[in-house]
Amino acid sequence: MILVLEDGLDAEGLERAERAVRRAGVDPRRMLAQGGRVAIHAVGLPRERVDEIPGVAFVLESAPPFKRVARRHADEPTHVVTVRGVAIGGTEIVLMAGPCAVEHAEQLEESARAAAAAGARLLRGGAFKPRTSPYSFQGLGEEGLRMLRVAADRHDLAVVTEVLEPNAVGLVSEYADMLQVGSRNMQNSALLRAVGRQSRPVLLKRGMSATLEEWLLAAEYIADAGNEEIVLCERGVRSFDMASRNLLDLAAVPLLRERTALPVAVDPSHGVGVKAAILPMALAAVAAGADAIMVECHPDPGTARSDGFQALTPDELARVGAQIRTVAAAIGRS
Amino acid sequence: MILVLEDGLDAEGLERAERAVRRAGVDPRRMLAQGGRVAIHAVGLPRERVDEIPGVAFVLESAPPFKRVARRHADEPTHVVTVRGVAIGGTEIVLMAGPCAVEHAEQLEESARAAAAAGARLLRGGAFKPRTSPYSFQGLGEEGLRMLRVAADRHDLAVVTEVLEPNAVGLVSEYADMLQVGSRNMQNSALLRAVGRQSRPVLLKRGMSATLEEWLLAAEYIADAGNEEIVLCERGVRSFDMASRNLLDLAAVPLLRERTALPVAVDPSHGVGVKAAILPMALAAVAAGADAIMVECHPDPGTARSDGFQALTPDELARVGAQIRTVAAAIGRS
Amino acid sequence: MILVLEDGLDAEGLERAERAVRRAGVDPRRMLAQGGRVAIHAVGLPRERVDEIPGVAFVLESAPPFKRVARRHADEPTHVVTVRGVAIGGTEIVLMAGPCAVEHAEQLEESARAAAAAGARLLRGGAFKPRTSPYSFQGLGEEGLRMLRVAADRHDLAVVTEVLEPNAVGLVSEYADMLQVGSRNMQNSALLRAVGRQSRPVLLKRGMSATLEEWLLAAEYIADAGNEEIVLCERGVRSFDMASRNLLDLAAVPLLRERTALPVAVDPSHGVGVKAAILPMALAAVAAGADAIMVECHPDPGTARSDGFQALTPDELARVGAQIRTVAAAIGRS
Amino acid sequence: MILVLEDGLDAEGLERAERAVRRAGVDPRRMLAQGGRVAIHAVGLPRERVDEIPGVAFVLESAPPFKRVARRHADEPTHVVTVRGVAIGGTEIVLMAGPCAVEHAEQLEESARAAAAAGARLLRGGAFKPRTSPYSFQGLGEEGLRMLRVAADRHDLAVVTEVLEPNAVGLVSEYADMLQVGSRNMQNSALLRAVGRQSRPVLLKRGMSATLEEWLLAAEYIADAGNEEIVLCERGVRSFDMASRNLLDLAAVPLLRERTALPVAVDPSHGVGVKAAILPMALAAVAAGADAIMVECHPDPGTARSDGFQALTPDELARVGAQIRTVAAAIGRS
């Protein structure tokens, strides 16, 4: 936002304006105009604080690129997305757990049982897997969807699972309660529109190196096609240190809060990809204000057909569930 | 780590080994040798878990690049660094607070009072400021150090402040209890050796785009010169999204735990640079396991001569202090 | 690649081996085994140079993740991809030019005329546009494809244009000679398989933050589905400096050469996104060994409906064409 | 730059202005003001083209952060920096070559002979080495400086070598003709001021993840201390793909041209760190407009004590020298 100051404002007036901008938590950058006019570039200054700044003639703003998913005003509460009766975005922090990929009925049954025991409300699991290599396991397809449904129903869980292409949206919606659009497809506009034209809530993962704005514009594609029931899911971005699989950007949680009323989930399993870091980062996500936590679990991580190394055992998952509740309570959530 | 498997191991033996690696939380990558021999690349497998893997003939490891600052074994407790009687790395989460730059006695007195009131144990503040531009305020120098000392003593706080060059180490040590090496100087080897040759504890900030290994090797310079009293401080790394000043890498906290026994601090003020994100990220840092939190505060952020936009007011600082204690209690710390 | 050295090799033998690795242009990293055995980690050592290294007992290699698109041996010439009679990957450096988006017949006619006059062999232009925002111009669809075909035919150019979803592959192939998969869809596996199941050559752009390996695995999806006529196109990756739109990674050209025989194109228009840098970077791409150059042009950049700021005028395009030929001649190409 | 348009301008007037901005190679972003006033954000629009834009009331610009090293006007020629009679920034493209580290007299003599034979004008070589690990070879110190001087004099070359700390500036200047400030010290303000207070020309390498603006501000520290004889050296930035050591940012060459009149060198040895890419990237740097090329060579890369893997043999260096001249001729330089 550019604050163009009154013509003829003196040095002291300029400083007064800059002080007010700094007090509002924003770094003022001075801009000079031909003819001595002065302006302040105030990146990120919330609209509702402009009135606090003295000496402003008029304000220039970039036309906001997203409309439907933008937070309307500073006090707008988080929009609650309901998935088969489970409210995401309310007081309760929702745990979503399950295996990376659906492999067989027994694995799923045990995963679902572990998830329910740990307090999870959604069962996750991939039936159509997006893989970097064409030679990796690509999922069981419809058979996997069916297994998900059966296991979830037995343990009273909702199902969230990924859809990879527009043509499969109908099929996946028959079995799932929430459709996931994965990182690799965050800018697949045909897919975004397809999930926007149906009524299941959507879990939209952040692209590998998407800015917050690009991510919100991807959400806008879905909303613009007619579906505003969207949960954003931070899952780490690409960075330069191979010590972790991705760099989990937890500050995205409070930064998204300022921009949108959509609820925000965090996936520490993909976000770090190192088992020892999953529990601490799940707790950190809760403390940062996340509305939901998604983790991978497997009854026997050693036999998992994908990403077994980052899957929690049932015991580890129970510990994550319990500690999440403790930290949630400390910040006034449940 | 490369696990070279026994000569003549069959396919089932190989799979057994891979399962064991996955169970240990590591992604096994198969390697093939001429003549049919097989090995497993197991990035990050802790040494003490090698015995769980069946069929291993011998293990190949990169010579570990850091020695003095490396965690000796999985159960080694965090090394406690004591700064004027304040223990960093113990049960208590230590709050360090103060202005970005020392400006005048009154500002410092009010900052110190606010810091003490919020429960902080160290007063931070720059007397020698590393600035991107030669035209930015470079600090008050020795006069600033003197003010820091006076204000800290009055409120029973220890002093941590930055030193920019080898020649100034002696001077800064006369006033400060802990010397800070900043991001821009993380690989300034002459400075690292200079702070290593004296006895004040050192706060070593992570470089703008330093990997964990490079950071630990910077710490190794200090330790190798004779000083092992080092606290590492995560302060965000460079990334592609201009929505925040830096990308705060909280997963560095648990990932460092596996590599070193040195205590770890987190600076959410520089790490995000957006005021609304400082409190949530301070809490997230505590939940992620940080031993200390460093934040900037200012009695009147609007008048600050540097980084005022990210400085907390005394009231905001008190809130951060109180909520940190609540989250700390939830995870069994204080 | 890990070179496990002979059991009982002495220090001098180890050094001899390391010297040979360094001479081959690779940084040797020593690995130690239990029981005193030693190995050398030689990242990127070409297979055919292993015989130069003395003292090697056996070699461990990661199973190569891509098979069909991998360079078979060091002397394998670049695979020539023929697009409507134009050979990409031979001696001639092929220029591809045209507008970002197809807007109307006249614009296309003038663009095609300018492209042909500048020596271009392919006409580029988007009829289906992948846009970050749902509110940006999304292209003219089939009407645009028809215009492309007409303009290209009149000036004896081949047509390359983007396809956004599996369902549109058939339609786009009716009009285009080469199908482009864009950055946002580099890991859209359904689309990769769909363009792999038809016979038009494919131009595969690099994803926003794709590693060379991920990019080649995306190509492998296409090849594995049956189509090996693929040209890779570098178009800049995401980085931290907002001074340019992307960071054009020209070293990808020689690094890809070592890994694959597929031809490599470079798009400096998207790669930098700053007009003054397009000509120098096009010449640099030729000097780096690119087989084709893709640039955007527009008869009147001021009226372009997308990316007009980075479009060359007909005169500028002619200059690019002429200078490319001069630099090509200097390195023995045409 | 923000172009605030005339009050009361109609939609057509706005479009006219936007077209003119696009024609000038810049992406116009519309900004809206309260009360219906409109502005255009035109990132990177050169000042001298503002007059082409119709309907502008006044222009807002950020106060330019660097002054002494800024290009004064669009036609300002490159400032020629003379190093012991060798002009950097003129028509001739200057080759700088030599070993990573000075090891012994014979190695240096052979390197200097190879450098001179290849057409190099400066001999490079480290006597004080900045190393990531305290256990790596740190250089021969003054003894190394003396060897550099002897070898360079015998072959009529100028000497460029790195200085690591303010205290060593005097010593290094006794032997060297040009002082190098390395990547790790690009923001070491004490060192920048120290090389700014003496009269030898300075080669300023880009920091690991420095933006162009930060790099120019580092140069400004040197200029502000009194020394404007500065050559900037691009050497690759940090990125996410481990296929290369760094990502060589050749577009920095034309982008710096627009911002500064200082000459620009490129170091493809560190910039890529893969031997097979050095020759192509050296040629690409010339084609992109670099004024000087710096490469590492070694009479026997296998025995080098640092970075031997990326060192060229004398034969390879001769080839680089010859081909650089051919490409230089193709673009009208020598």
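A, B, C and D are the chain letters, set down in written order, and residue numbers restart from 1 in every chain.
We adopt the following convention: a contact is a pair of C-beta atoms (placed from the backbone, for glycine too) under 8 Å apart; a residue touches a chain by one contact, two chains touch by 3 or more.
Note that the coordinates shown come from a computational prediction; the quantities given were computed from them, not determined experimentally.
Trainee: If every chain is reduced to the average of its C-alpha atoms, which one ends up farthest from subunit D?
Mentor: The chain lying farthest from subunit D is A.
Trainee: For the interfaces A-D and B-D, which has the higher count of C-beta pairs in contact?
Mentor: Result of the comparison of A-D and B-D: B-D.
Trainee: Quick one: report the Å distance separating subunit B from subunit D, using the average Cα coordinate of each chain.
Mentor: Measuring from centre to centre gives 32 Å for this pair.
Trainee: In whole angstrom, what separates the CA-based centres of subunit C and subunit D?
Mentor: Using C-alpha averages as centres, the distance is 27 Å.
Trainee: Averaged over CA atoms, how far is the centre of subunit A from the centre of subunit D? Could you give it in whole Å?
Mentor: About 40 Å, centre to centre.
Trainee: Among all residues of subunit B, which ones touch two or more of the remaining chains?
Mentor: Within subunit B, the residues that touch at least two other chains are 209, 238-240, 242.
Trainee: Looking at the complex, which residues from subunit B come into contact with subunit D?
Mentor: Checking each residue of subunit B against subunit D gives 65-66, 130-135, 138, 164-167, 184-185, 187-191, 207-209, 214, 217, 220-221, 224-225, 238.
Trainee: Which residues of subunit D touch subunit A in the complex?
Mentor: Against subunit A, the touching part of subunit D is residues 2, 4, 29-35, 37, 39, 41, 58-63, 238-240, 242.
Trainee: State the interface residues of subunit A toward subunit B in the complex, per the touch definition above.
Mentor: Those in contact with subunit B are residues 18-28, 44, 209, 211-213, 237, 239-244, 247-251, 253-255, 257-258, 271-277, 280-281, 283-289, 300-304, 307-310, 323, 326-327, 329-331.
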